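Below you'll find a set of structures to go through.
Next, two complexes with chain A in common: one pairs it with chain B, the other with chain C.
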Partner chain A sequence: MATAIALSIDMLSFTLTLLLVTLGLVVIFGMMNVINMAHGEFFLIGAYAVVAVTRAGGSFWLGLVLAPCLLALIGFAVEWLVIRHIYRRFIDTILATWGLSLALKQGVILLFGPGSQSMLNPIPGTVEVLGVSYPAYRLFIMGMGLALALGTYWLFFRTALGLQARGVIANRAMAASLGINTRRMDWATFATGAALAGFAGAVMSPIMSVDPQMGMGFLVPSFLAVLVGGVNSLVGAALGSGVIGGTTTMLSARLDQADAQIVVFLLAIMVIRFFPQGLTGDRR
Partner chain B sequence: MSILSSARRPLSRRGFLAGGAGAVALGLGRPHLARAAEPIRVGILQPLSGGLEVLGTQGAQGAELALLEANEAGGVLGGRPFEIVRADDRTDPKTAVERTLELIRRNEVAAIVGPVTSANRDAILPTVRRFQSLLLYATDYEGGVCDPRVFCYSALPAHWVNPLVPYALSNLGKAFYLLGSDYVWPQKMNAAFRAEAEKAGGRILGEEYAPWGAKDYAATLRKIESSGAEVVVVSIVGADAVTFVKQFAAAGLNKRIRMIFFGFGENYMAGLSAAESEGIVAPSDFVQTLDKPEARAFVAKVRARYGAGTVVSNTVDAHYTLTRFFIEGVKRAGSVDRQAVAKAMVGHPLTSGNGEVVLRESDRHADLNVLIVLAQAGTLKVVKDLGRIQAPSQCG
Partner chain C sequence: MMLYVEGLVAGYPSGGRILDGVSFDLKEGEVVALLGRNGMGKTTLMRALCGQLPLQAGTIRCGGQSLGGQPTFQFARAGIGYVPQGREIFANFTVEENLMLGALGKPSLPRSLPAETFEIFPILGERRAQRAGTLSGGQQQQLAIMRALVGQPRLLLLDEPSEGIQPSIVDEIAVTLGRIARERGLTVLIVEQNLDFVEQLASRILFMENGRIAARQAEVGELRSDSDLIHRFLSI
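And then the complex of A and B:
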């Protein structure tokens, strides 16, 4: 019984972690339809922002607040300088953002060096949850994932602003003719996605290696989660994160982690084959 | 840019001339220098980008230091200086092959120092063989390279596992869980560990491999915990290992389960807090805190050239020492003829950063002096000096 509870919490933990990392991608890739190869670098810069703040004597929590603000600015700049010129050029987007990702990564290497940065765990220790001792910081991450997912959902689906943003994405001409400033919506949405990615990087920094390659590792499962769950849907992203994160953890309990990953990838390929629009997508 | 002469640092006049000569040689043909002063080019093929920059930079520093020292001492073979040609393999096998070809054919190097990964080494071996160049490989690896042109200053599984197992059994515990990255080196290390431990009465409760770039070890940590293991034996490499140690500590397992970590050293310490690395046990052939005269002298020498904060890991020491074997080989052979140098490199002892070492004639590998180190309050403490460990010949 205790193992079952532990396994359930582990599954929930990785699912929510993945959801946290995927949220920014849902906004930029899922909603705006921009394949942003620099998404991992937004994540990376978020983590390094916390490192920089703590180095300068600030607390981890201050870093956690400043990281998404910094990334919102970077997101705004990137949208204005690069993305807005290539919204309708799908393939060019991949190339441009890939170049951007290289530049951002090298920038981080120039500033901080290529090695891993040490980062203190702000909430060390473990907490008893249903008879299972669990790392306190992981519980914090889970809470953040959940809160942020709900917050994003609320922002895009329960506010007038979110409605306008989705309106611009769905039908730009119509939205413009209704008096919505579509340009402002574009950069605001992109900056929100970037801020979410940066926040995820900041939150994850204490329990993973903070190094210039750290963005890559999450990019693949995040894209998979979005594709499996269904593009253009927050519920889909949650579902996709559950499928990818949950099954990875569940299989890893029995198999080698390396083998579990192969099975998960096969599973994802099958889902995408039979549900090309994702699990929540249109089934025509 | 693949060609970077040593002009980045303050240089002796001779070194400056050598670098200048190289630049001219590239574009305009060789200047008319006296034959005696013709530089001997050495290629430093290291990952200077692409993920392993830390190791690449340190490897390059070690090799460069040895060559610059030789230049400052007046060069070899009656005043010929070494010229350093740096090449970046971008941690990628295909690039490594291209750079190797360039080094051999365009730069006509006498030897190549590097690369780091086994994948890159195996990728360039056919090229090295075809052009009968010399390869100086100074990274720990799984063993099995037997080539008259390849010299390995590397800790093999036997160097680390064989002496470590008895230490672990009497000091850490008898029940082990083996965990590595999913490729050849961890698998060979674990096979060696399993064989040695079971022979000596230890128990292996689990053996597992994690994919590259794994970010969540919750399930693995759970398995380690429920297996009842007293010691987890880690051969995960790079950033993944830092992630694992962080999550191991966050789960509070470091209070109950000891950790042996193959390949652990100063570079990993930088990514971990003192609390996270506390208690990690590792075999190593050199640490910068080693309290021996030759180690102190070496650390001082590296820091004098590259700055007081420079990390002097076993990578620096290994590349420095192996490059010195080459320099001594050239001196002894009295020429840069590769066959003569290769013959002159083996069988003669040299003082490394940790005791005397020698390249064996049988397989051109070095038998290393092995230490057992313990991470304590953010530094590495030597808990046992095992002296020279003999590995079986890799040609057989």
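And then the complex of A and C:
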């Protein structure tokens, strides 16, 4: 029984963690249709921002607040310098953002070196959950995943700003003819996605090895979660994170890590084969 | 003068000059129809007037404000409302969200729908929470018109508003538009094939021929009596 509960909490934990990491991708890839190969680097810079703040004597929590702000600025700059010129050019977007990802990664290596940095756990200790003791910081991450998903949903589906952003994405020319400043919506949406990625990196930094490769590990399952759940869909991203996160955790309990990954990828390919629009179709 | 257009040249990157020196003007409160055969550039002109198509040459002034070279949203903020051919409603959004977008684009307007929004076309009130894509063609047209009106335009551009819509709703739209134009002193430019619709609404007729406005203009009453007009400009 206790193992079943522990496994369930593990599944939920990985699902919400994956959701947290996926949110930025949902905005930039799912909603804006930009394949941003530098998304993993946004995540990475978020984690290194926390490292830099704590090294400079600031607290982890200050880093957690500053990281998404920094990434919003970087997102704005990237949109302005690169993305806005290539919105309609799919292949060029992949190439340009891939180049950008290399540059950003090398920039991080120049500043911090290639080695791994470790962060102290800001909430050490465990909490008793249904008779299972669970690391407190993992629970914090789960809470953040849930809160941020709800916050993102609220921003895009319950506010005037979100409605305008979705209007521009749905029909750019018509939105402009209603008086909406489409350029402003573009960079604001992109910066929001970048900030979400940066926040995810910052939150994850205490439980991961903060090194220049850390972006990759989550990038692939995140893309899968978006594709499985349904592009252009926040509920889909949550569902996709659940499918990918849940099965990965479940299989990892039985198989070794690499085999579990292979099975999950095969499963994802099957889902995408039979539900090309994702599990939620094109709904929210 | 509400709209002043002179020497307008515009087209598509692939298709060359479709508008080849368009000049005309609209007085404030005037309802004018633009007629012409298919392929003469009527829709292209509408898209240029609402700023969706960049000008290669010429002048567009709305209410004295020069709009050449401005981004599209500035055309809308200068008071040009656009109801495109094919309606272009946001199919996945609710009726209410579609209408809200008409208001949100105008920083000078409150971020809420005016009280009479759902009185003008009552069906939109009944369907306000429904996805716009599920409406019938006529209801979508009413939504597209109302979405433009919510933005308080001074000049309304309507491209084929009766296309593919059942006659009873076409009639309702014509009557309602005529009343609103009179009440608000709205200037309206309509591209339309349906002559009944044109006769109900418009007072003056412009004809388009080979990317220009023809020198020959007409009062609405002449449409039926002058068979040369119909023959020359409407290919019947």
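Assume the second predicted complex is superposed on the first by the 281 of 284 C-alpha atoms of A that agree within 3 Å, B and C clash if a C-alpha of one lies under 4 Å from a C-alpha of the other, contacts with A are read in each partner's own complex, and residues count from 1 in each chain.
Keep in mind that, in the parts below, contacts are C-beta pairs under 8 Å (C-beta built on N, C-alpha and C of every residue); 3 or more make two chains touch, one makes a residue touch a chain.
As the structure is a computational prediction, the values presented were derived from the model and not from experiment.
A.B. asks: Considering only the touch criterion stated at the top, classify A:S177 as touching first (chain B), second (chain C), both, or neither.
C.D. replies: A:S177 contacts chain C only, not chain B.
A.B. asks: Between chain B and chain C, whom does A:G143 touch in the aligned arrangement: first, second, both, or neither?
C.D. replies: In the superposition, A:G143 contacts neither chain B nor chain C.
A.B. asks: Does the superposition put A:S209 against chain B (first), chain C (second), both, or neither?
C.D. replies: After superposition on chain A, A:S209 lies in contact with chain B alone.
A.B. asks: Check the contacts made with chain A and report whether chain B or chain C touches more of its residues.
C.D. replies: The partner with more contacted residues on chain A is B.
A.B. asks: If we overlay the two complexes on their shared chain A, which of chain B and chain C does A:T17 touch? Say first, second, both or neither.
C.D. replies: Touch status of A:T17: first partner only.
A.B. asks: Can A:L163 be said to touch chain B (first), chain C (second), both, or neither?
C.D. replies: So A:L163 only meets chain C here.
A.B. asks: Residue overlap on chain A between the chain B contact set and the chain C contact set?
C.D. replies: No residue of chain A touches both chain B and chain C.
A.B. asks: Applying the document's contact rule, which stretches of chain A touch chain B when the two form their complex?
C.D. replies: It is residues 3, 6-7, 10, 13-14, 17, 109, 114-121, 124-126, 133-135, 137-138, 204, 206-211, 213-214, 216-218, 220, 245, 248-250, 252-253, 256-258, 260-261 of chain A that touch chain B.
A.B. asks: Using the touch definition from the top, list the residues of chain B that touch chain A in their complex.
C.D. replies: These residues of chain B touch chain A: 51, 53-54, 57, 182, 208-211, 213-220, 222-223, 226, 239-243, 246-247, 249-252, 267-268, 270-273, 275-276.
A.B. asks: Write out the stretch or stretches of chain C touching chain A in their complex.
C.D. replies: Those residues of chain C that touch chain A are 50-52, 71-73, 75-77, 82, 84, 88, 90, 92-93, 97, 100-102, 104-106, 111, 147-148, 151.
A.B. asks: Show which residues of chain A lie in contact with chain C when the two form their complex.
C.D. replies: Residue positions touching the partner: 160, 163-164, 166-167, 170-171, 173-183, 282.
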